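Labels run A, B, C and D following the written order; every chain starts at residue 1.
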Amino acid sequence: MSAKPEIRIGMVGYGFIGKVHTLAYRLLPMIYDPFPVRIRLVGVSAASQDSTRKGVEQGEYEFGTTNWRELVARDDIDVINCCTPNFLHKEVVIAAMRAGKHVYCDKPLAMSLDEAREIVSVAHETGLQNQMTFNYRFIPAMMRAKQLVEDGFLGRVFSFRAAYLHPGYIDPQRPISWRLDAAQGGGGALFDLGSHVLDLVRFLLGEYEEVHAIAETFIKERPLPGKPDHMMPVKVDDLTLMMVRMANGAVGTLEASRLATGTNDELRLEIHGSEGALRFNLMDPNWLYVYDAREPGAPIGGERGFKAIETVQRYPPPAVLPGPKLSIGWMRYHIASQYDFITSLVEGRPSSPSFVDGMKVQEVMEAGYISARGKEWVSLPLG
Amino acid sequence: MSAKPEIRIGMVGYGFIGKVHTLAYRLLPMIYDPFPVRIRLVGVSAASQDSTRKGVEQGEYEFGTTNWRELVARDDIDVINCCTPNFLHKEVVIAAMRAGKHVYCDKPLAMSLDEAREIVSVAHETGLQNQMTFNYRFIPAMMRAKQLVEDGFLGRVFSFRAAYLHPGYIDPQRPISWRLDAAQGGGGALFDLGSHVLDLVRFLLGEYEEVHAIAETFIKERPLPGKPDHMMPVKVDDLTLMMVRMANGAVGTLEASRLATGTNDELRLEIHGSEGALRFNLMDPNWLYVYDAREPGAPIGGERGFKAIETVQRYPPPAVLPGPKLSIGWMRYHIASQYDFITSLVEGRPSSPSFVDGMKVQEVMEAGYISARGKEWVSLPLG
Amino acid sequence: MSAKPEIRIGMVGYGFIGKVHTLAYRLLPMIYDPFPVRIRLVGVSAASQDSTRKGVEQGEYEFGTTNWRELVARDDIDVINCCTPNFLHKEVVIAAMRAGKHVYCDKPLAMSLDEAREIVSVAHETGLQNQMTFNYRFIPAMMRAKQLVEDGFLGRVFSFRAAYLHPGYIDPQRPISWRLDAAQGGGGALFDLGSHVLDLVRFLLGEYEEVHAIAETFIKERPLPGKPDHMMPVKVDDLTLMMVRMANGAVGTLEASRLATGTNDELRLEIHGSEGALRFNLMDPNWLYVYDAREPGAPIGGERGFKAIETVQRYPPPAVLPGPKLSIGWMRYHIASQYDFITSLVEGRPSSPSFVDGMKVQEVMEAGYISARGKEWVSLPLG
Amino acid sequence: MSAKPEIRIGMVGYGFIGKVHTLAYRLLPMIYDPFPVRIRLVGVSAASQDSTRKGVEQGEYEFGTTNWRELVARDDIDVINCCTPNFLHKEVVIAAMRAGKHVYCDKPLAMSLDEAREIVSVAHETGLQNQMTFNYRFIPAMMRAKQLVEDGFLGRVFSFRAAYLHPGYIDPQRPISWRLDAAQGGGGALFDLGSHVLDLVRFLLGEYEEVHAIAETFIKERPLPGKPDHMMPVKVDDLTLMMVRMANGAVGTLEASRLATGTNDELRLEIHGSEGALRFNLMDPNWLYVYDAREPGAPIGGERGFKAIETVQRYPPPAVLPGPKLSIGWMRYHIASQYDFITSLVEGRPSSPSFVDGMKVQEVMEAGYISARGKEWVSLPLG
C-alpha cells in the first residue's frame, strides 16, 4: 500500500542500548513527518534466549536468534545495528560490512586503535555506509552550537571545559560487569562516557594535538554478580581527567567519571573564545547558552550576557513531534541520530559521524591511557 | 504466541494530540518491562481522509475511517480514546460508553459544566472505566509531590502560585482555529492550559471554595486561515488570572496564558506550608524542589534550603526505559498516564483521574468565567 | 581642607533600617568616586537611651538624643532621615519640612492615604526635597529595566507577576512587634513588603486602574515579647494577594507574604509584552533577564531566548567600588538610593521617587484593603 | 568615652584593593554588633601624591605619606596592611614585622617560594600575628563547607573541579600593567586568581601531592598605557590549567583564567566524595549546594538531591548587619576576613590563614610553573 522504500534492520545485541535503538527505530515514522522510508525491524540477536525473545516481543521484530551471524548472512537485511559489548564490535561490524550491510554502531568503535583502524580499512574497502552512535551531536542545542561555531561566532577559541559525569559506580558493592572488565569493555569511564565528550569537543573544535591524562581506579575490586563475597579486581578507570591542547591552539580539560556523586547524566561543555562563549548541560537540554562579546557592554545600554537560546525540539527540521516548544529528554538524541542515519541511506549522502570519527576518538582515548601510564604528554596522531 | 491479554484501541481524532496518544500507546510495551498486556491499535478516525490515512500509516492502525461512529460500533474495540476538538467530546464519549467502551479522553472534559455532568452521569450509569488526560499528574515530580503532601510534609498550607504559560498566540496574524473559536473550543487559555493547572492544584491541595477571575482577550480579531485580510472576532480568553480560596484555607493565584512572551511550555507550581514548601517547573522536569522547614536553621549547622529531589524517571515503578538517571521530556507524562490507564483496565482498579475529576475542573473553569463576567467572587460548588 | 559642600544629616530612628541608612551614608564617599559632597552625620535620635548611644558609637554621629524634635530644631542639620515606625512618619516628616529640612523617609510613607496626602501637601507648600526609600528602584537591574521599558522594548504589555516573599513570620511563637500592630504599623505584609513591589510595578508600568485583593491573617494571635503565655490578637495581614488592571491595559498579580516558606528575601518580577519580556529576582540580583521577541526564532539560526544581562554593579555611573564585575548584595540598593538623594540635593534636581510616589503607593495599598474587606474591585484613584 | 581597646592601622598601598580593605575596616563596627575594639585608621601610604591624598580623604586616615617606611616606623600603629603590588610584599611585610607590627597582607604572599619562605621565617622569629587576604575562606558558604568537611560529610573524596574565571584581559588592546609584568607581579592569572582557588581547595581538602600544569599566554603583547602603538611583550600566563593529586588521594582540575569570556567573577568549586558532594559558585554566593548520598534514593520516597543551603549572611556569628536573609555580595568576604583578623588580635588567638598558608599556596604555584615549563609532573613539597 505504501510506495515508500524499505530499510530493513537487523539488531545485534539487545541489552539496554539495543532496546533504546529499537525504540528509536519504532518512533521515527511518527516523530518525523513526512518520513521518507518504511523501517522494517527484521531480526534481533541477543546472547541469551530470554533477551532474544524479549527483543522480538518488545520490538516486534520478525524473528530472533542467538547467533548474530544469521542476521549478517540474510539477504533481507540492509542495516546491521551493532549494540554488543565492546569486545564484539570489530567482529560484528567487519562481518556485516563484508556481507554488504550498512552499519550503525554503538560507541566506542572498538577495543583499541588497532581494531578501529582495521574496521575503518574494511569500511573504505567495502564503501558501505557506516555511522557511530555519537548521538549527542544530535542534541538540538549541539546542532545549533555547530552552526554558530561554523559561522565564526566564537572568534579565536581560548579554552574549554568538558565533562561527562555519572554517579553509577560509587557503591563498592555494585557487582562487576562487562563495563568493568577490561577484556570485554576495553576501558572504563573514558571508553563509556569519555568517548561521547571527546567526540563532541572534536565535533565543535577540531582535532586534538596533545593530551595528558590521569586515569584512576578508586574502587579496586568488586564482587561477582550474586556473589558478594567473591571479589574480582577492577582494572579499568572509574575516573579519567585530561588536559588537552587542540590543533587550533585552544587548551582545555576533559573529564569522564562514574564516581560523580550528585550527578545523574551530566554532560557539560563550556567554550570561551575571543568573541563569544557557549555553555551546555545535558540535564538542562532545552537550551544552548551563548554569550556574544560583540554586544555593547558599556554601563548605559549594556546588553551582554548569557542567553538561553531555545533549541528545544527545533533541530533538525523537518518539524517534529511532539513540537518545538515541548521539553526534550534523553531519547530525543538517539531518535535524531538514527533519523540522520536512515535519511543518509535514503539520500545517498555519506553517513556522519562515521567510523573514521569513531577511530579518531579511539585514538585520543588510547593516547589518554598511554599518557596516564607514562605520566607524560602524548602527541596526536599516534604513530 | 503471547499469552498476554489484549486491549484494543480505537482512536477518535488524529490531530496533534491524537498523534501523541498513538505514539504513547506504541511505546508502552518497550518503556515498561514487564508490561502486562498487548496493545492492539485497531482503528483510527479523523475528520479528513488525509489525516485518517496518515493515522493508519504512522500508527500502524489496522484500519481508518472518517466516521468515528464506526469505531464506537465495533465489537473488536475495548477502548475509545477521544482526541477530538472539545465540542465533540460529549457526543463521542457518551456514544462510546453507551456502546460499552472504556474511554480515555483529552482535556477539558466538555464545553460546559452541564455537558460534563451529563457525561459523568452516563459514566456512573454504565460503570465503565474512564480517565482524563490530566497527564501532568504523572510527571515523576508530581507523583513524588503527591506522596509528600499525603505524608503531611507541607503542614498547614498557606498559599500557592500556579501558572501555565505559553507564547503561542502572541502573533496577531496567527489565524483563527478551533482553539480560538468559542463554538468549537468552549473556552480559551483557561480551557486549554488552565484545565491542567487547575487539576494539578486540586490533585495536591483538594477542592476549591471560591474563585475570582480576570479573563482577557487581548487580541480581539484574527484572520481566517489562508485569508490574512479576512479578520474574525476572537471571543475566548488568551489570558486568565484567578485568585482562589481552597477548602483547606489556603489562598493562591492561578494563571493560564497564551501570551506569555519568553516561555515555551512553562507550567509552574509553588506551594508554601507551615512545615515545608514545594516548587516545580515543567521546563526543568527532572527535579521536584522541596524545602523542609523542620530542618535546623540556626547559624551553626544550618541545613535548610530547597533541595532538588531527583525524580527524573524514577516514578512510577516498575523500572522504566530509558532509565532512572536519564533526563525526561514532555512525552514522558503522556506515556505514564496511558500506562496508568491501561494497567487500571488490566487490574480492575478504578481509573484515575476520572471524568468526575474532569467535571470538577470544568466547574472551576465555569466559575472562573462567571466571575470574570460579573467581576465578583463565585463560590463552589456551583448550584 | 576639603572644598566640597557639606550635607548634614539627622537620623530619626535607629532600629534596623536606621542602622542600614547610617551605614550607607558612611560608605558613599568611598563607593562613588568622585563624590561631590562631604556627608556629616550630625545627630541621631532613637526611642531608648541604649539605641541612641549605639547609634552615636556605631555611626560616629556627633551627638545623640532621645528627643527627635531636637534634631528637627537644629540649624546645623540639612536633612532629616526618617526611620521610625510607620505611625510616627507623618509627625516627623511634617515637622522636619516645616523646619526647613529636606527629608529622606523609609517606606511606606504613612499610615493611611489621608496622612500621605497631608504630607504631600506640606511638601508642596514648603518646596523642600523629599525622597522615599524605594531603594529597589536603584538595583542596577531595575535601572536597566527602566531604560528598556522607556525604549519600548516590551511593546504592548500584556501581563505581569510581581511578588515580595519573606518567611519571617511562619513561627506562631514569634512575638508581636510594631510591624504586627495595626496601630503602629498601619498594615501588615502589604505595607511592609507590598509597598516595595507596588512601587516597582508602577515605576516600570505606570499607574494602577483597579485592584482586587485578598488580605489574610493566617496566624491570628501572637505572644507579647518575653511573655509566651500572653497572646495578643494580630489584626494585620501576613499575606496579601492582588489582581490588578493597569492604566496601560496590562493585567497582573501582586503578592506580599511574610509566610513564604523557603524564601529568604525574594522580590520577583516578570513582565510579558508583545515584543519582549523581563524577569528579575532579588536573590539573583546581578542580572536582568530579558527576552527579545524581535530576534529570529526560526529553526535554522534561531536566536531567541532569555538573556542574563550583566547589570552587576554597572548602574548607575559613575564607576563604583568595588567594581563592575563583582557580585552585589542587598546593601547596594540602599547605597545607590541615598547616592541619588544626596546628589539630587547637590545638583538641585528634584529628588525621586518623591513623597508623591509614596502617596501613590499608599493609595493602592488602601484600595487593596478596601477591596479585601468588601470582596470587590476598587478603582483608582480613590475619591 | 569608649573603653574599648584600640587597634591602629597603617595602610600600605591605596590602589583598588587598598580601597577595599579601607572600606572594610570602616564598616566593621557597624556590621558586627557587639564589636570588641575601636579601629583607628592612622596612616595611609600610596606611591603617588594623588592616591595618598585620596586615601586620606576617602578613608578618613589621620595622615598620608608616599613613603611607606614612615608608617612602619611609627609607634602609634599596631597593624600594617599590605596592599602593594606583589613585588613589594616581601620588603614591606618583613620591615613591618621587624618593627613589631602585626601584618595583614594581600595575596599572593610573595614573588616566589624563596621570598615566601623568608617572610615566614621572619614571622616565626618575631612571633607577630600575620594573616593572608584569602578572603574567600570567609564566604558564609565556604565556612559552612568547612564545617561539613570536618564532620566527614563527604566521606572519601574522589575528585573535584575548581576554577576562578575572569574576562578582564580578552581585549588585546588593554594596556600592560603591573599585573601583566612578570617583574612586578611575579606571575599572571595563576598568581592573581589561582592563588585564591588553590587556597580554597587546600582549606577544604588538605595538602597537594603533585601537580601538572599548562600555563598559556594567548595574548603575547600589549600596548603601554596611553601608547597604543608601543607594544610590550607579555610574559605571564593569562590562563593556567592544572591537574592535581591531593595527599588524601583525590584528583582534580584547577583553572585560573583572565580570558574566560562570559564570566564576571566566577569562582567555582565542586567536590565529589563517596558520601556526599558540594558545589559553590561565587556569582551565586548565598547558597552552598550539598548532596547527601546517605539519604534514601529508592523510587518510593526518594529524597536525594542537591540542596541549596541558605548560608546567606549567617556565618560567622555574631549576628551581622544587614541580616541573615538578605543577599550578599563581594565586599562581604573582605569584611568577614578582616573581622576575623581583628578579633584574633583582640583575643590573642593565632590569625588564620597565616603566612604559612600563603607560603603553601606559593609553593603550589611555583610547582605549577615548573611543571608547565617542563611539561612534567612536579611533586610537593618542593625541595
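Convention: a contact is a pair of C-beta atoms (placed from the backbone, for glycine too) under 8 Å apart; a residue touches a chain by one contact, two chains touch by 3 or more.
Source: prediction; values computed, not measured.
Between the contact lists of chain A and chain D, the overlap consists of B, C.
Although chain C and chain D carry the same sequence, what matters here is overlap: shared residue numbers make up over half of all numbers found at their interface.
Centre-to-centre separation of chain B and chain D, using mean CA positions: 53 Å.
Averaged C-alpha coordinates give centres for chain A and chain B that are 35 Å from one another.
Centroids of chain B and chain C (each the mean of its C-alpha atoms) stand 41 Å apart.
Residue positions 306, 310 of chain B are each in touch with at least two other chains. Considering their complex, residues 156, 158-159, 161, 163, 170, 212, 214, 216, 218, 239, 241, 243, 245, 249, 251-253, 255, 257, 259-262, 272-277, 279, 291, 293, 306, 375-377 of chain B touch chain C.
The touching residues of chain D, when paired with chain B in their complex, are 144, 147, 287, 297, 299-311, 314-317, 324. Looking at the complex, you find that chain A touches chain B at residues 2, 16, 19-20, 22-23, 26-27, 29-31, 33, 54, 57-59, 166-168, 264-265, 282-286, 310, 312, 321-323, 325-332.
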